[in-house]
Structure formats: C-alpha cells, structure tokens
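In what follows, chain A forms one complex with chain B and a second complex with chain C.
Presenting the complex of A and B:
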C-alpha cells in the first residue's frame, strides 16, 4: 500500500467548453485525504467551472476524473452511469455553493435541510435523522433552539453554516467549497473558517476551496493552484506559490494584495 | 337515452383507442405516470376532465356508472358529470356502490368494500407527488427512474418537527407495488388503506397535466411513513348524526350562524344503507 499517496481525486486533462468559449482547459490535479487545496484566480478564470465539473454538475468535454469511492472503489466519474454519479454527489462528494440559497431549500426548516442529506441516503427513521441534524448544526455552532425555523430568518453567514452542516451530514470524503465566505464580514468569516478547519482535520477530509481571497487561501490551504483563462498557470505548496511566485500572473496576483 | 348526434362516449374512436393504450400501459407499470393526449372537454380543467376522458374511453353500453364528489352522489359536479356520460353513452346510472361497474370519484373511496371487476376512476389535479420538491419535469422523471425518493420524507419530517405528527390529511403519498411513488389524488388519508390490495382496478386521470396512472387489483400500496412514526388515519370522537356510524369518514358541517356543528357521513350511499338497516 502506498500510504498517503493514493489520491482521493485526480483529474487528467479535464476540459470544459461553453460552446467555443474555454471554461477550463486540460486541468490535471491530484488531491489526497486530509489535503486542503486552494484554487485561486480572477473572475472568469474557470475556478467555478472546474468545481462544477468535479461535483458532477456538468460533464467534462474531454479528459478523466478519477475518484476513490467508498462504495464503488476507483471510478472514472466521466464514465460512471448517471445513477451512481448522483449517488456519489449525495453522499461522498459535498458541494457548498457561494450563495446559500442555491444549496438550501428555503421553504424547509434549517433542521429539515440538514436532515434531507441523511434521508436521501436511505435513513427512514425520524429520530435518527433529527439527531444527526442536531449533531451537525451544533458542530457548526448554530442555535439548536432555532432548528425548526426557516433559513430565510437566518443571516447569510448562518445560512452558509447550515449549508456546510447539510453537506457534512452525509460524512463525505471530498468537500468542494465555492467561495463559501465571500460576502461575510471579516469576523464571521474567520470564525467560519476556524470551525471548518477543525472539522476537516477531525474527519480527514479532502477539501478543494475556490476563492479569490489570497488571505483565506494562505490561512486554510496546504497547496494551491493558480488559474488564468481556464488554464492552471502555477501550482505547488501554498507558501511556496505565494512567497516565491514564478508565473507572471501569480506575481501580479500576489503583488496586488493591499498592504496591511 | 343516448344523444345520437355525438359519437358513443363523446370522443372519436381514434382518441378513445389512444386513451385505452395509455390506460393499458399504466396498468402494466403500476403507479407510473403515462402521458396521454388530453382533449378539450365540455367542462373546465379542474372539474374532472382527466377522469371524464378515461370514462369516455372505458364505458361500454352494458356498464353501470356511479359518480361521486366528496363522497356524495347528489352534488352539482357529480350530477353534471353523470348526466353528461349518460347522454353520451346511455349507460345505466346508480347510486349504490355495489351495483356500479365503474365509479368516477373525486376525494373519496366508497365505504362499501369494492369487489373484483369494478373500476374506480379518480379525478386527479396534480399527478406528480414530487412536484412540491422539484419543479422541473426532467428532474422528477430522473428521481422516479432512479428511485430517489428520500427527499420526499422531508414533508413528513417537517410535519413531525412542527406538529409532532403527520399533518397531511389528504393526498398522502403512497408507494405502489413496492417501488413507485404516487399521489393518490385528493382522497383523505383515511382512504389510503383501502388502496392496498383492492380487488377493483383503480385508474387515475389528470386532464390538465395530461397524465394517467393505475393501481391494478391486489397491488401492494404503502403509505409513506417513518419507521418510528407509523402511518395513522384520522378518527372522530363523534359518530354520524344521521345513521350513527362510527367507522366512516365524517364531514363536519356548520349548520347555523351560532356555529353549531353536525357530523355526518361523507359517503351518502353508505349513510342511506346504514339508515335503511335501522328502519
């Protein structure tokens, strides 16, 4: 057994085109359990397209995406029948969207939203589903007194925590975060990231975080890829990329951080 | 007497054939919604056009028809539909459940047990039980195809979390033949157990939505429930004020301006039967 080097997810020359427009072009990357990978780049650089592709929301135009699944072993997500791909998305791969309202049912209570992730994975016991919802809401530091309220009555920061609790409730192996903290004020953002980091360590999750915030990327991630125009222009350990950028675009990116 | 200026059963023969094909398909895949080319009928959508079209394709000269609305044979909707079908086919009409070969209904299954050979035709407003979860037809079809019914339990979850019990009093979703999730149309959940292993053929028609589906005789029908909160039907402390029945579905009627209430059987035929036994 090659300890620690068996990638949980790897892409090989994965591309996605919106018609003639490049979404992302020949992306190859690897991630192991416990690894926190940040994907940075400006708006329109293909970060979210990459994430959607990994989440199985869009089908790549070409290339492979290999995933080490608990239920099916090593599979190519692009070749997997849709029914299984959907099953992986319900359980082993968790996508957290930028806007909580995209990932939550806004007319269903907060507890129900988290419970849904348990119910869709086959639990048919109310007490059990509710207990799991309670557990994960508590983990994300949400008020259990309010678990039967609608998400619309929560602040965006709290909604985002609900969404994360929901995704984690199925004990996924891979967590995909699409700008989860954009639009939150700094202190809320810091607290959320703190909680997230703790859970990721506990659960030995692999995380891919898409962000344009280099400070967040530096604080959270072990490694980093930098994207521009749908291509990966630089990748490596986070500190290495940020402290000694090689590519002209990365240099521009790091130098455009406002001085403290 | 049958109106001779129209084809037997109002619809033309080709349309009736296409409807019968859809009905046969729906019987072959219990609970599965089959599309059919719904026609313009001389009543408005929402008044039972789906069931009416099924009946037009189904009725033969020797059939005996009963039509009920909310359990009653003598409401406006029931009488209008009955009159129309009688004019178009000349079939015999009855109010007695046991005499009917075909029963068109909205809301209720008769209290008198059905027998083999009878056909129930239900008027269905929304045939898709997953619609409240998922507005996209393409997605609901996938949910059916892959049997992804987990999220449906959310409705039950919400009721339990807010009220401590299931609050749906009608159209409580069922699993047909151990697999397919179906909406039993707006029948009260009191009637859900009657769907299970019914000796009669049960057909469901939704005219506006252009879908029909079926529960063949003696098919397993299970009401959706959690393991730790089994399905329960509603019950009444009162008994019927006319016939004294304490095991039928009761309507609560407000009878005067001071809010005085009476409870009577919603199934008028059943109520009359009980009354005649007393006399």
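Presenting the complex of A and C:
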C-alpha cells in the first residue's frame, strides 16, 4: 500500500528498573498524531512508570525514545540534555496526572495556574496570557466567573479539567493522560471524555491514555497495549485486542469485566 | 469486475486460556471472492461462523492461517499481514463494517457521529455535515434527532445510525452483519434500496441477511459456510 506516516513518538526496547525491580521492560510502541493509544493493565503493571518515562520525568535504564519535536526535529529523548528535555516537557509533551493536585499549584488561582503555563511559554503580556487562560478554561467547560478562586474550592472533576486546561494551554503535540477519569462520577467522566476527544480532533494531538477502565479504552482509543509485570504482553487495534484477545492475561482482563 | 475481497484458505479458532487451554475451531479453509458490484450473502445455521468471517475480514478477529486480500485503489493489500497503521487506513477509506451494536462517546450528537468518519476520509466539514443530513433524511432519522446523542435512540434507530455511517459515502467494501435485523418493513425496504445503490456504484458487499425478502432483492450470490466448519 502506498502509505507513509511518521510516528510522533516511538519507543524501542525502553526499560526502567527500580534497583533490580522491573518498572517496565523493553517496551516498544508508537503513536501517531490524531490517534489515541490506550495502555491497560492492573495496578503495578508498569503503566505509570512507562508514562513517567515518556514524559521525561524518569530516565530509562536502557532503550530509545524517539520524538518528532517542533523545536529540535527528530530527537532521542534519552540522549537529550536535561535543559532541552525540560523545555519539551513544558511545551510539546503534556502530562496530566491522576491526582489533579499533583499537576496544579493549589495555592494560586485557577486562572493563574493556566496563565502561568502560557507565560512560561513565551507570551509576555499578562492580559494576553489571561485571555488564553480564559479560552482554555472555557473549552473545558469551566465557569469563568470562578477563575480567580483557588483550585481547592473546586470538586475533583473540575480540578481535573483545570489541570487539562493548563496542559493544553502550552499547545502540546503529545498528551499523556494517567487515569484522568478514575474517581470521577460517570456523568462527569463522560463529559470529560467527550471534551477531550473533541480537542484531540481539533488540535490533531497524539494521546497516550493510561487506564484500567476497558470501557473507556474501547470508546476513546484506536490502538492498545496490554501490560503485565512491566511487559507488553499484547498490542493491536483496540477492538481486536478486546474482542479477540490472544494472551492469557488479556483474556482474563476482558472476561473479568462487564461487557465493554 | 475487479475483485474487491479475496479470502484464501482462511482458518480461525479461539484458544480459551482459562478453560483449560481448550481450542475451539470455527472456520477451516474458507476460499471466497467478492467482486465490486456483487453482493455475496453468507448462509448457514447460526453459530456456524458467519459473523466470525465478517470480523476476520474487518481485522477485528485475527486469523490462524490463510490470507485476506483487499483491493485498495487497485492495489492488493494483505489484511493478514497489515500493520496497525495500515489497518486503520484500510478501515478509514476502504472497508465499512455494520455490526449489531453502536458504540459512541456519550455526548456526541448523531450528526457528528456520521460526519466525523467522512471528515477523516477527506470531506470538508461542511460537506460531511450535508452528506450526513442527506443520508439521515433517507433513513427516516428526522432533524429532531440530529443533535441528540444516538445512545438515547431505540434499537432500530441506532442500527440506522450505524448504516448511515457506512452508506453516507459507501466504502468500496461493505461488511454487513444483519443490517436489517431490528428494522420495520418500511425501513428495511429503504435500507435495501440504499444497499442496491451502493452496488450500482460498484461497491462490493459481503452480508449476513436473515429475511428472505432482502436476500431475494440483494444477493447476487449466496455462499454456504457449512463445508468450512470442522466436524466435531
């Protein structure tokens, strides 16, 4: 098939060990702009370690992570100087943590949290930054009347949307989501997923979504990797993995839940 | 007429790791060709693997052995060896699948459920919306439904949304798993009409159809799967 595509990010045998404990072992995957990749597996399977590695928060013990950067071209994240890696983390790669309080500064206002990110990325004028903050908060369907309140006064679901607004304000190309909807009401979760999907389509983002919720994975993702004990045991198109699972562990996962 | 789908010596089994590793063989050595403009209807009692064959041809099920060749713009692409990205590409442009269930994001309005795949296939958003409206109107999905999410719809309405996605601009290969199952006679007639039009536009159709009337209207050939199922 005459067919060319460029993955935005790909890993080749990337591993991370906590001492001699396996965090994740020889992970190879790729993600293309405009697509969702779901990473599923039970807690302790290495999903979050993988995400931290991709976000550049921890350095892989071995392997490569190739990223198509706007600023630096095609780079191996593991070889990049820390300064540049931090730059990428602030701008091109956005990590949304499971607990919003880990990704937000809780003692500054909601608007401030978002505007700060915009200012760091080169917008000089405070009024302009505030305008951008308003734009993203509105996109995430948050009440602009409340943008000067502290995040602590918001519900967890709203805090999560503030965190996502903050990350999106720097116009990342790759979005890393760590269980973004766990602990949210079903209705709040549906709303968040809907908004996310819309933004991903508009901005042509690549998204890696870590979740243990197979129904969410089915709804949102194009492809999927299944992790167990730090290893990828199965990967494929999402519906194929869920409907015709090959590995014993995937079969266990898909049979232990209500139909996704 | 060019060959749109060619299945050769296809075998499919399911290994159940948590049922003592039992293997259930479903299909063995299926050879099948569907040409453009043709509607091949699969025959055989239920449980014989008709849906399984459609799912294999969509890449939803992996196959044990054999080959599945799809014509993509006059080039033969092996579904059995395609990469994930190639599969996504094939599904986006070449293969349309209509199953029994509709899965969508809870709040997305019906018109967008239909228009989004069109946009991904290269239609401008305005054109995609217009085509979506046209196909919904033909399928008796009135304007009052367009901006509602399809999860609020009845079974028959949801099935017509599924069909609308596949028929708004028909894919070169249509895989239809009982597309008329939960429809009343009037809507069934409309769906048959739309499938006929797709055939006239040289689409290839592989279908499971249970009502005799639809089979009589649409089938250019029937294909009995009984010889390809293992005798246990």
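The definition used in the following text is that the second predicted complex is superposed on the first by the 254 of 260 C-alpha atoms of A that agree within 3 Å, B and C clash if a C-alpha of one lies under 4 Å from a C-alpha of the other, contacts with A are read in each partner's own complex, and residues count from 1 in each chain.
By definition in this document, contacts are C-beta pairs under 8 Å (C-beta built on N, C-alpha and C of every residue); 3 or more make two chains touch, one makes a residue touch a chain.
The shown structure was predicted, so the numbers you read here are calculated from the model rather than taken from an experiment.
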| remark: Chosen between chain B and chain C, the partner touching more chain A residues is C
| said: Contact-wise, after the overlay, does A:122 reach chain B, chain C, both or neither (first, second, both, neither)? | reply: first
| message | Touch test for A:139: chain B only (first), chain C only (second), both, or neither? | response | neither
| request: With the two complexes superposed on chain A, say which partner A:99 touches: chain B (first), chain C (second), both, or neither. | output: neither
| field | chain B versus chain C as contact partner of A:251, first or second or both or neither | value | second
| said: If we overlay the two complexes on their shared chain A, which of chain B and chain C does A:190 touch? Say first, second, both or neither. | reply: second
| task | Could you tell me if A:112 is touching chain B, chain C, both of them or neither one (first, second, both, neither)? | result | first
| field | Residues of chain A that lie at the interface with chain B and also at the interface with chain C | value | none
| field | List of chain A residues in touch with chain B within their complex | value | 82-83, 86, 105, 108-109, 111-112, 115-116, 119-122, 124-130, 147-148
| task | Quick one: which bits of chain C touch chain A in the complex? Just the residue numbers, please. | result | 14-18, 55, 59-62, 72, 75, 77, 82, 84-90, 103-108, 116
| note | Interface with chain A, chain B side, in the complex: residues 142, 145-146, 148, 150-151, 153-154, 156-158, 160-162, 226-229
| field | chain A residues within the chain C interface of the complex | value | 1-3, 5, 32, 35, 190-191, 193-194, 197, 201, 218-220, 222-223, 235-237, 239-240, 243-244, 246-248, 251-252, 255
